[in-house]
Every structure is written in structure tokens, then in C-alpha cells.
Amino acid sequence: MNDIVEGLLHALRLIVTLDGDLVEITLRSLRVTLTATAIASLIALPLGALLAVRRFRFRRATIAILNALMGLPPVVVGLIVYILFSRSGPFGVLGLLFTPTAMIIAQVIIIVPLITSIAHQALRDIWAEYHDLLISLGASGRQRVATLIWDGRRSLITAGLAGFGRGIGEVGAIMVVGGNIDHVTRVLTTAIALETGRGDFALALGLGFVLIGLAVSVNLIIHSLSGTEVGSRW
Amino acid sequence: MNDIVEGLLHALRLIVTLDGDLVEITLRSLRVTLTATAIASLIALPLGALLAVRRFRFRRATIAILNALMGLPPVVVGLIVYILFSRSGPFGVLGLLFTPTAMIIAQVIIIVPLITSIAHQALRDIWAEYHDLLISLGASGRQRVATLIWDGRRSLITAGLAGFGRGIGEVGAIMVVGGNIDHVTRVLTTAIALETGRGDFALALGLGFVLIGLAVSVNLIIHSLSGTEVGSRW
Amino acid sequence: MVGSVFPMTASGAVVRRGGQRLLGPIDLRLDGSGVTVIIGPNGSGKTTLLRLLHGLERCREGRVDWAVDRDSALSRQAFVFQTPIMMRRTVRENLVYPLRLRGASRADIAEKGDAWLKSVDLAAAGLQRASTLSAGERQKLSIARALIAAPELLILDEPSANLDSRSTREIERILTEQNKAGTRIIMATHDMGQARRLGDHVIFMLNGLVHEEGPAERFFKGAQTDAGRAFLAGDIVE
Amino acid sequence: MVGSVFPMTASGAVVRRGGQRLLGPIDLRLDGSGVTVIIGPNGSGKTTLLRLLHGLERCREGRVDWAVDRDSALSRQAFVFQTPIMMRRTVRENLVYPLRLRGASRADIAEKGDAWLKSVDLAAAGLQRASTLSAGERQKLSIARALIAAPELLILDEPSANLDSRSTREIERILTEQNKAGTRIIMATHDMGQARRLGDHVIFMLNGLVHEEGPAERFFKGAQTDAGRAFLAGDIVE
Amino acid sequence: EMRLAVTTSFQNSGLSAVLLPAIKADTGIDVRLIVVGTGQALRLGRAGDVDAVLVHSRKAEEDFVAGGFAPYRREIMYNDFVIVGPKADPAGIGDADTIGTALARLAEAAASFVSRGDDSGTHKRELTLWTGAGIDPEAVAMRYLSVGAGMGTALNIAAGAGAYILTDRGSWLNFANKADLRVLFAGAPELVNQYAYLPVSAERFTNLNAGAAMRLEEWLTSPQAKMLINGYSIDGEQLFRWGSAAADDPS
């Protein structure tokens, strides 16, 4: 219990003193995960809309698999990305291993299924509402997707935030592909894992609280900017 | 690349020969995560419905925080559970540390926010539809929640499955509280982490593919049992 | 049930949304018998007034009072929405839902369910999903669902907008019967024939205000206001 | 646009859902002028027939053909739904959405938007969310949205169910005008007065089948079938 | 800039924080540490993803060299393994005079023993010790917990479960969650823990920064490194000795 209190104090101290290392790894966490979230959203939102709009043969299986992939074990993703980008792997020449770029790639793979699934669920309901109208108006596939994304933007923000949350708290994959190199690829979660391994629970918890605070702030900021959950309906 | 192929072969071999250890840890993975998912759903679904139905002062902040908690870093959850259940912690006398029960507790904490968030998003739309009717019929708070859960059951299954996926692929927390003890708390993800640390990437990937296959099967089975994604509307 | 929701009174009640005044100030006193019809052009506030009287709309200024508190008032009334709200259930489950909320017995639910399905001509559609009903069928189901729990006050918002003439007559017959049996009725309608046939008392809405109010006979024979006369003649009312 | 959707023909077209036959077999041939009104009791299949002719409903047996392919046919028609479908946008954005889909210019969109908002009396509500409109206002918006892209064929499903008498007259005036300007109109209605005023040609539906079809004048003067006569008299038709 | 894969014990000891800035200052090399398990460290070397490896598992290192992944292994420094356990020492290994006695007492006691179980250098040494004592740890009274985890996690488990565990002195001294664990047995010759440096074969992989790897090796064997390594201590206790244990003590 003391550890938890100490962790909170630690977090406070680190934040109040604007500890240099903390600022560095926090900014790196943010940069990696925000980039990954942006890229993943660009892939996942249209995909989710497409799954809502299109009726094809293996749609149900695709959706089930997508749901399952929400649980893609991060370590496995990390391993696969590692193998692909290892010097002896197919993309080895790019020299991306143990760089933030590799971490972004791994996070994109992990969060795309999550964002797609949540987006699909939200857009499916809007599609049920709009179906007749959009078909009747002869909207093209691309226009249907664009309309759903625009009219469902508030729910899609939630989907993106879920992806951000998953990414920022993730450690298994980025540890393998990033290597937790001090000043290069160390982020909040890998630092937490490091301190846990050293038995310094107070510091680990302190970093953990910083991480949670960061996630909460990003959510609050985005929610208040986008005005979700304000109106009762729409 | 070879590792990936080898990993697939490994997975195949393990499955075909019904490897005893594999069966054991797979069943343990399933048991831990299914239990955690069931408990988490019992908490999260009514909570999600309540958030949809009730209008209270800090509703928006609550929802934003809930969304943020989807990104609760597993290691931090693991640490907190460890501290609470360690012998010097408040629940130390229960002797639950390094047992499957502790792993279930950690997973419940991790997946409750995810299930709540997805459930809330689905039920919010149904509530918008039902609001006037249920108020007019004078349904009590409890009846509103029950009605939303029943009528939204198909979406809620997706929410539960998302939680299952998150749990079954999780490693950070259960490693700390479960300890990856052979024949006691070793599950698929901790075994994967172990093999990765040992540098046996092929075996790690093999286990990873088994895990993914398991998640996909559970999703397909549940989806086909529940008949989601069949009808176009409802 | 002990007590009655009547008299219900609105005093200076105003409904605002997005800073705009949609309705009011409304001053009204309704007591417990007869049929009140609310008429007026599109967007004049009929639906909003019905929702206010039902207790669905809270007023920012002024107040609406029932002889009992709001929760009891709600539970003694039933509302038929202009756009019927169908639950994601079968026709039968939609119909008996109010009984389930009240914890009625299985036998009671089965019996009343059968009777009402028959009386609105939906016996064959009981197991169909409500979302597959035709517009008129939904309207009939919505009316039956409102009546199944025997409300003291029945509020209807354009109950026959999508009904064929025979269903309209049938519904009007049911409403008259219920009214005779003691159910107070308040309804909005655009069908002046219906208003004349059913109404004892008329409220004529214009721009969110009660423009004219009085006994139906007097109103239809000769409305007191220019706007009222113009509306009856089907003219532009502004 | 080159070519026309007419003649459109249905031959042996059947619509099934859940193993049940909802409509058909339907054999019809409609050509390019005038106003067809579809009448019949609730649940007789009017909406389903309109959807079939529009191309929204695919038939399992038989076929529906337009003079052009289905996609071109859809793009030359507009459909006004019985329960207006409002997008989660403002009134104005709902109105001009068909123009946006067609990639119309900003100026064009602004101009037509203004003109149509005015002609359905919603100029003041342009920036309001469509979901806040009253039922009648939604219906008017839905009609304006259908007309804004100048369709060759306009299909309306009970366009005036929730309209006050003045709006009904106004909409009827617009429809007559459009029809004179060359827009083919097919509509379902329960308002026999409206059917008489607007229809050149009547289709009387019963139990999912075309029971009687012919020139409006003849039908209203003396329907050929017993059921047709009974329906006009407001009697039970089975 | 070069990449060096090291085991968790090296990082957890805190020595890296002392050495890396000095290396940067003396040679200009920016050493990037990839901290992983022994097996994974060698695996990274085998794929050519790191320029050198610093581990402590002799047998695996020799296989690595034999496989042609490194031209040789160079012993850099050593310390020793210790057995830690609950302060109360229910097995009574505190006053054992040989490792054999200590392990035999452990085996007979109603105590728990946490094994790394991950084929790391520490784990392999532990297995060697059991074999040397003629004990099958899974078949005795003692509860043998094979946890399959890194040093830090295993220590956390031992602390949480009040179990005995074999660990290296460096990791132990720098470990913060000691709970009621204490060093109970240390100092036996079987417990020497030798770290070796293996530059990854530049012939095999062309993209390596072989120059930096060589300069780092030179630096690690220089008097400057000797001074820093021997001078690194926590609470007055020295964690590592520079050089080769075999050379220092030919017995």
C-alpha cells in the first residue's frame, strides 16, 4: 500500500519538477502513439465504414476475425515486425529496427483491428438508418463511406481514442521492436517495465500514474474539443 | 521470414500431436480469460447501460475517463494487484498472489473499461431510440437498464468478445501477478514471452498462432451461436 | 389506483430548446373527462404541448402540475407518438411490454396480448419483428400498446396519419368506447373531420401559443379569432 | 441526361421476406407521363410496390425493368419515404445533400437550397438539426430534398400524412406543377380526396396484389371490383 | 553509434548508467543497449541486428562462436551468484559451508524456490548447481517454482512468495523490492558469474558497425574501464570485478 502512495508522490514530484527524462519519454510516448493512431485511423475508419456498407460473402467471418484480432497478442505482433525488419529479414535494408518508426508500425498493427471494430459497430447503426436513403439517392460506394464517416464522426472519435488508449498502454510489442533504448526508443510503458524489473515499484507506479494522467487528459481534451456527449441525441 | 514459416509449422505440429503442455496452458488461458470476461461483463454491461440512461453532472468526464482507462497500462494494473495481494499488502492473507485467481482479478480490471465503453456506445444509440417511450411508460431505472441490455444483446456480445480478445492476448499484468509458474499459472501469452526471451522465436510464434486461432474460433463460435451480423437491421 | 391525475394545470409553462422558445407561455387547466383535440398548423407546437402535458418535456419557466406527482402521473397516462417508437422486438413483445413493466401475470399478459392483437387486426403478425410492419400497422400497434395497460389519460399525436379509412374508423370507435368507459383523451390531429367527430373541447395552437380554446361545437361553428377561422377554411395562417 | 427510365415494366415480380410472399406476382407497365396513385388498405403492399418500382427492393422471382440499367434508373428517380429519413445534419444540409452527391457547384447549391427552403416554408429552420423538426416539417423537407435534383420520376409514399391542410394544398400545387413540367409521379396515399385531385391513373392494391388498375376517373366513378367499391366506401375489405 | 544486446542483469545492476557516459566521452561511441534475455540477446546477434553482445552464459557463448556468429568471446568482468531467501531462513542455508550442503538443505525444507526457468545464464547455472549436488529439484520436498521470466520479474515473485532464489549480486544489490529477502548464501567458487563480450561477425553481416564494436571492446579492456567497473559499488559493496575470473583465480 505504501508503494501506491509513494507512487502517487513520485508522480507528483516528477511532474512538478518537470523532470527532464520524464518529459522526454512522455513526449516520445505521445509522438509514437499519436502517429500510430493517426495512421491506424486512416486505415481503420474507411475499413469499418466499408464493412458496414458492403454485403459480401465472407462478411460475417471477416467481422468475427476482426473482432478476434482485437486480441492480437502484442508480443506476437512485435515478433513478426521484428522478423520482417530484422537485418536478415525482407525489409532489413530499411534499417528501421530499434527506431520509433518500427514501434509505430507495430502499434498500427495492434490498434487497427480495435479501431475498425468499434468504428464498424457505430457505423453499422447509422447505415441501418441511412441505407434506404443513400441507395435511393444513388450514392456511390465512396460517397456512402464518406457520408457515414462524416455523420458518425463523434462515435469515430471514440473509436480513435480507444485505439490511442490501447497504444499508449502497450508494452509487449514495442519492447521487442524498439528495444527500450535510453534516449532513443524508451517510452513510458517500457520505462515502467524496466523499473518493475528493478523492483522500484514506487517509480514504476509513478510513471504509470503519469501515463494514466496523460491518457485521461488526451481523452478529456478531445472530448471537449469535439463536443461529444453533450447533446442527448445526434 | 523462415521464423514465420517455422512458427506456423510449429503451431501445426503442436496442435496435431495435441501436445500435453500446449493443451494444459491453452485450457488455462481459456479458463482464466473466460472467467475474467464473464465477471467483467457482469460489471461492465449494467455500468454501460447506466451511463447511457442516467444524466448526471460529471457524466461526460466519467465517460472520458472510462475511455482513457481502456488504455490502462497492464503492467501498472499488475503492479497494483501485486501490491494489494502481496504478503505485506492488505489482502495478503488470502494468499492469492501467483494463482490463477490473481490473474483473473488483474484481467477483470483491465477489460472492464473496454467492455463498458463499447457497451455504452452501443446502448447510447438504442437509448436515443427508446428514450421517449421508456420514460413515457414510466420504466424504472432498473427496468430501463434491463431493457437496453436485452434489446442490445447482439452489440453487447461484441463488447464482451472485445474484452475476451484483450484479455487472452494480455501478458504484462498476468506476468507480474501470476508469475508464469510452470503448471500453475503459465498461460499462452506468458509462454510466448518466455520463448521470446529465450530467443526461440519459432516456438514463440507457433504459440502465438495457436493463441490467434483460439481467439478467432471463440469469436466465430459465439458469432454463429448468437446470429449477429445475419439480419441487416435489428 | 388511488387519486387521479386530474385536474392538470399548466401555468406560464415555457419550453425552450437551444435558447429558442418553442412553446408558451401556456396557461391551461384540464379536468378529467371528455376528449380534447389540439389542432394547428405544422410546427405550431402541438407535439410539444402534448409532451409537456404528459411530463416528457420539462419546462424552464412556469410549471405543469398534476393532482399527483410526476412519476405517478406518468404511470397513469399513455402516449401514442406521432412517429411510433418500435422496440427491437416482435410485434407481440412490443404490445405487452407495458404489462411486463407492471409485472403482470403470464396469463394476464397472454390474454390481453391476444385480445389487443385481434382488435387492431395484427393477430397474424404477432411473431413478426415490429420493424417489418407497414407504417399503418405500426401506428395501430402503437395505439394498442398505449391502451393495453388501461391508462387513465390517453394522449395521441396524430394517431391516424397513416391509416386507411377503415382503420381510422375502427380506431375512432375504440377511442370513443374508451372515453365512454372513463379514459380521458387528449389528441392532436390534422384531420378536421376527425376533430369534429371526436372532440368535445378544442385547443387551437399557433406559433407555440394557445391561440384559441373552447368547446368543440362552438369552435367548429364559428371560431372566435381570425386565425382560427382562416385555419378551418384551410387558408394561410401566420 | 440521355434516355429515359420509361417504360418501366414489372413482370411476375415477387417480393419475399422471411420465406413469406409480401408482394406479387406483379405485372405492370408504366410509361412516362401523368400521375399514378396507389391506394389500398394498410399492409396491402403499397410501400413495397413503390420500393420495387424504385429499385430498392430486389425481387426473387420475376423482374422489374427500366429502359436503362438499375443504377441509371435510380439516379433519375427520387423517393419520398413514408417515414422521412433524416440525416444527422442540419435542415439545409439534408436538403442539398443530393446536389452534393452530384458534385454541384457551390453557387448552384446555395441558390437551389435557398429556393427550396423557402418554397416549403422552412427558411427559418435552415440551420436547425433536422432531427428537431416537427413531423410535418420533416415531411416537407423530405419532399423538397427529393425534388431538388429535378428527378425524371418522383415516387412519394403518403407525402401528406402529417401535413396540415394548407401545407397539403401547397405540396399538391408543387406536385401538379412538376408534373406539368414533365416529372412523372407515382404516389401512395390514403387520402381519397388527394387521390382524386392528383391521379390520372389508379392502382388499387389488396393483399400484396394489384387488385384493380385503370384510369382514375373510371375508378373513382365506379370501381370494377367489389373490393374496390367497398374500399372507396370505407368498408371492410378482405 | 552502435547496438549492444545485454542481459537484464547487466542493466538491472545499474552499471550501464556508469559506463555508457564514460564510453561516450572517451570514444565518442553512442552505445545503444537492447536489454533482453540471454537467449534473445544471442538471437539478435545471430540475425545481425546488433553489433555486439554482452552476456553471461559460457556454453551458449561458445556455441555462438562455434556457429560463426562471432569470431571469439572476450571475458570482460565477473561477479558472483548468491542465494537469497526469507530472512527467517526456514531451510537454514545461512550457515551451510558448501553450495552442496546449502542446496541439500533447501531440497529437504518445506520452502519454495523460484527458478528463472528461461534458459538464461542464471538459469543454466542454477541447473548446473543442482546437478552438481545430485538433486532433482522437481522431485524433492521443496516447492520448485519454474517461473519463466527475467531476473527482475523472478525476484519480484520470490519477494511476493517469500521464496528462495538464485540471483547475481549485481541485480540483487540494485533491486528495490527486497521485502524480507536477504542474501543467505554466497562466496562458493561454483558461483562465479563471468560476463563476456562477443562482437558479431563482420564477415557474416556487412551492415554492422564493426569499427565501433572493436573500439568498444578495446575500451572495455582498458584501464579506464577497469577503474570504473571495480569502483562501482552500492552501499559500499562492490558489484563487479573487471577481467576474467579464470585468469584471476586459476584454481
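Here the chain labels run A, B, C, D and E in written order, and each chain numbers its own residues starting at 1.
Here, a residue touches a chain if its C-beta (ideal position, glycine included) is under 8 Å from a C-beta of that chain, and two chains touch if they have at least 3 such contacts.
For clarity, every value in this text was computed on a predicted model and none was experimentally measured.
Engineer: Can you name the chains that touch subunit A as well as subunit E?
Structural biologist: B
Engineer: Go through the assembly and pull out the chains touching subunit A as well as subunit B.
Structural biologist: Both-contact set = E.
Engineer: Please report how many Å separate the Cα centroid of subunit B from that of subunit D, as a whole number.
Structural biologist: Taking the average C-alpha coordinate of subunit B and of subunit D, the gap between them is 49 Å.
Engineer: Roughly how far is subunit C from subunit E, going centre to centre by Cα mean, in whole Å?
Structural biologist: 81
Engineer: Take the average of all CA coordinates in subunit B, do the same for subunit E, and state the distance between these two points in whole angstrom.
Structural biologist: Comparing mean C-alpha positions, subunit E is 36 Å from subunit B.
Engineer: Using the touch definition from the top, which residues of subunit D touch two or more other chains?
Structural biologist: In subunit D, nothing touches at least two other chains.
Engineer: Going by the touch rule set out above, which residues of subunit E reach two or more other chains?
Structural biologist: 36, 150, 153, 156, 159
Engineer: On subunit B, where are the residues touching two or more other chains?
Structural biologist: 176, 193, 196, 201, 233 - these are the residues of subunit B that touch more than one other chain.
Engineer: Which of the chains are touching one another, listed as pairs?
Structural biologist: So the chains that touch one another pair up as A-B, A-D, A-E, B-C, B-E, C-D.
Engineer: Over in the complex, which subunit B residues touch subunit E? Could you list them?
Structural biologist: Going by the criterion above, the answer is residues 82, 86-88, 97-98, 175-176, 179-182, 184, 186, 190-191, 193-194, 196-201.
Engineer: What does subunit E use to touch subunit A in their complex?
Structural biologist: 3, 8, 11-12, 20, 32-36, 47-49, 150-153, 155-156, 159, 174-178, 205, 207
Engineer: Would you pull the subunit C residues touching subunit B in the complex into a rising list?
Structural biologist: Where subunit C meets subunit B, its residues are 54, 56, 71, 74-75, 77-79, 81, 85, 87-89, 97-98, 101, 129, 131.
Engineer: Using the touch definition up top, name the residues of subunit D that touch subunit C in the complex.
Structural biologist: For subunit D paired with subunit C, touching residues are 17-18, 40-43, 47, 82-83, 132-137, 140, 157-158, 161-167, 169, 190, 192, 231, 234-237.
Engineer: Which residues of subunit E touch subunit B in their complex?
Structural biologist: By the definition above, subunit E touches subunit B via 36-44, 46, 117-120, 145-150, 153, 156-157, 159-162, 179.
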